[in-house]
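Next come two complexes, and both contain chain A; in the first it sits with chain B, in the second with chain C.
After this line comes the complex of A and B, so read on.
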């Protein structure tokens, strides 16, 4: 079985330098998105179609009444059971052989279901204009630098992290490391925890959070929407089966019809002959 | 993106050989290596392995030759009959000679051995070198705390192999690696391994478009080069020998542009 790899983000080691954001823009040739001052150190309110990772800055009063300045590298989690993949009607979203969730922009029709259903709000649509001025949209998000992974290289954001807050490695090792790290920091951060939500089958980005997920604006227990499960896992296969059944019935009817028509035609000819 | 120009089959063969060499090295005890490092000799550039008494196990060496033979025959049945003859030609006396000649990289001896015995030219040296390396690697391992730097232009301080490969580690530290004996030592980031030139105006870094991890550090003073690979970006680090093989295209680029791995300042003048 192929080795499973995940990205590890220990937010307690992050110093908020934002080099991961720059490395991502640089590697993926993403355009700059100048922003107005948002009232904090945070540069962008959220990830966008052209900014695939954002360093979030949260001012949080901890249980001792002190201020914690919490940083988090925020980007696609690459869920094992991804809602975006489930809801995509065009199958434009798929998993790579390493389990990363990627969008095929050639196939994407810009319906926006992925954007609406992502529990982490990390996939967004970009509006383009064709030569006739007609607008169309395509979904974009972090690819976990799949092109680098295919060449045996770590994602650009991981490579550039100078504090060692981010790593890329084998899943089991990373989970053990994350659990060990949580034990180490429990005294300072009593709410510290590993964030690898099972509601989406686990993710390919494993976080060590200093606080509860909600403090970082993350869902405590994200899930693939039931409607998406019903749609992709039940309605679509049944629908396809039904379409298949109908097609088979139509084909059967066509053949039968032809056969009987021929038979009838033959009788008529015979009849015609007899008549003559 | 980086792409190795080496065929998958050959890379896989080399990986298997490296695996065998590691097993062989593990089967040796460090006591068979008795270094007697003479400071003056080391400073004069004599490789440490040449100053070390190694208790070679000749039957074991011959057994390793057989194992390489089996591996090559298995991986590439076409080569089987060509390499099989070697088993008949080797005895203890020849093995001792092979060890000496492989250590000193005496290509002429192996070429004439091949011609005398009507075997392909590459076979004797390839086998001798492959079976010798575990011993050299053991020497490098035993001496790792004592050999921490090299004298520019004199090759690997352990085995004398010309310097051609370095890796970036930690915060960007340049660590020179010997793909032959796997010895490694630190060097200044802007410094020529061949002539010691550290003038930033005459040290250039050639980057390969689309390859984010590789650079060729060239010296305009002695026309020497070293491949500098940022393996910090790799998901898993290959051994120096495999890294050297997979970056062979960089050697072509450097050598086609007039740089060499045996450059000396005096030669360029």
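After this line comes the complex of A and C, so read on.
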């Protein structure tokens, strides 16, 4: 089996410099989105279609009653079992050979189903205007710098990180590294843990979190919505089979009627009354 | 229901009024909106129909048309209820009235659908098949309209509701499609029920056909003096059926 690669984010080594945000904008040619002051160091409330990663700043009172200033590089998790990929009606979302989740904007119709079903709220629609002033939308999010990965480079955010909070490497190695790191910091952060949620089959961004996921505004047990599984794996195929079944039954009825009409001397158009 | 209109030329063309104007309009708007909604939704249901996008002005055009048609789809219930409350209540009453003859109807219906010899089971204004069609389409309409709102205005609803909306919209789509195939086949293609198709457009159906297919309703209307008694020799009926 091919080697699996993941991004490693050790939030306890992050110093909140936001160079990852700048590197992302720079590499991916994303326009700036000027923001109003949000009341903290955090620049954007959440990732958007033009801001694929945001450094979040959480002021948290820990169990000893002290203040922890928690930083987290947040962007797409690249789920192994991605809800956005599941619900996309146009197959515009797919997995790369390295397991990264990417959107093909040429195929995307801007329906926003992915936006509503992402358990991490990381995929968003951007509104464009064509030359006639007509508006259309496309979904955008972090690509894990797939274009860089294909050239043997690492994601821009990882390359630029100066504290070593981010790495990109082999999955198994990264997981043991993360587990080791959690042991090291347990004394200072008793709730420290590896975040690699299994409800979405594991992710391609693996975190060492200093606190419980909910402290960072992350879901404790993210999963592909049950509604999405029932919709795509059951309702849709059953619906198609049902339509096909009815159509075939009616085609059978049509042929049978023609057959019996022929046998009865071709009497048709009786106004519907003479079939008793 | 209304008064029979005697045809001056031929007795077999004797027509009786079956549907009110409100019913005809409500049905037509419902039908056109329904078909339009399905056409604008097909590429989202299966990529096989993506070729429809350019014809509808791209995905944006399809989305806009789908929303306009969605509003049209909600109207017919109110048109029927406001302009023909008696007919509407009769429809509701019939939908909850189920008797043994309704079950008998289905065994005869299957024979008749495939062209075997069958006999008529006495039915009221709506036959058991039409009642099933109505019930299923009412369920589908409720599913589709309710979930449609959560999909249209996702910001106004909790995420979970929006997510379940997609599922329910899909269920409504599949079920509604299967049901309407049967409904359209029986009215447009199946020869024995075809007068029902012209009937739902003009509001009138052949008296003999009405008497055969909706005997109990026809006899009631005769009693009320609304319809001609076809067994009366005065009406010069040729005994067929």
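Note that in this section the second predicted complex is superposed on the first by the 233 of 276 C-alpha atoms of A that agree within 3 Å, B and C clash if a C-alpha of one lies under 4 Å from a C-alpha of the other, contacts with A are read in each partner's own complex, and residues count from 1 in each chain.
Rule of thumb we're sticking to: a contact is a pair of C-beta atoms (placed from the backbone, for glycine too) under 8 Å apart; a residue touches a chain by one contact, two chains touch by 3 or more.
Please read all numbers here as calculations on a predicted model, not as lab measurements.
Trainee: Which partner does A:135 contact after superposing on A: first (chain B), second (chain C), both, neither?
Mentor: second
Trainee: Examine A:151 and indicate which partner it touches, taking first as chain B and second as chain C; both and neither are also allowed.
Mentor: Once the two structures are laid over each other on A, A:151 reaches chain B alone.
Trainee: Looking at the overlay, does A:29 come into contact with chain B only (first), chain C only (second), both, or neither?
Mentor: A:29 sits against neither chain B nor chain C.
Trainee: For A:90, select first, second, both or neither according to whether it touches chain B, chain C, the two together, or no partner.
Mentor: It touches chain C, and chain B stays clear.
Trainee: Chain B or chain C: which reaches more residues on chain A?
Mentor: C
Trainee: Who does A:117 touch here: chain B (first), chain C (second), both, or neither?
Mentor: second
Trainee: Looking at the overlay, does A:231 come into contact with chain B only (first), chain C only (second), both, or neither?
Mentor: Touch partner of A:231: chain C, not chain B.
Trainee: Could you tell me if A:159 is touching chain B, chain C, both of them or neither one (first, second, both, neither)?
Mentor: first
Trainee: For A:168, is the partner it touches chain B (first), chain C (second), both, or none of the two (neither)?
Mentor: Touch partner of A:168: chain B, not chain C.
Trainee: Quick check: in the complex, which residue numbers of chain C touch chain A?
Mentor: 12, 43-47, 50, 53, 58-60, 63, 112-120, 154, 159-160, 162-164, 166-167, 170-171, 173-175, 177-178, 181-182, 185, 189-195, 206, 208-209, 212-213, 240-241
Trainee: Going by the contact rule at the top, pick out the chain B residues touching chain A in the complex.
Mentor: 1-3, 171, 212-213, 232-236
Trainee: What part of chain A is in contact with chain C in the complex they form?
Mentor: Residues of chain A touching chain C: 87, 89-91, 109-113, 116-117, 134-137, 225, 227-228, 230-231, 235-236, 238-240, 242-243, 245-247, 250, 252-254, 256-261, 268-276.
Trainee: Where on chain A does chain B make contact in their complex?
Mentor: Those in contact with chain B are residues 5, 27, 147-154, 159, 162, 168-169.
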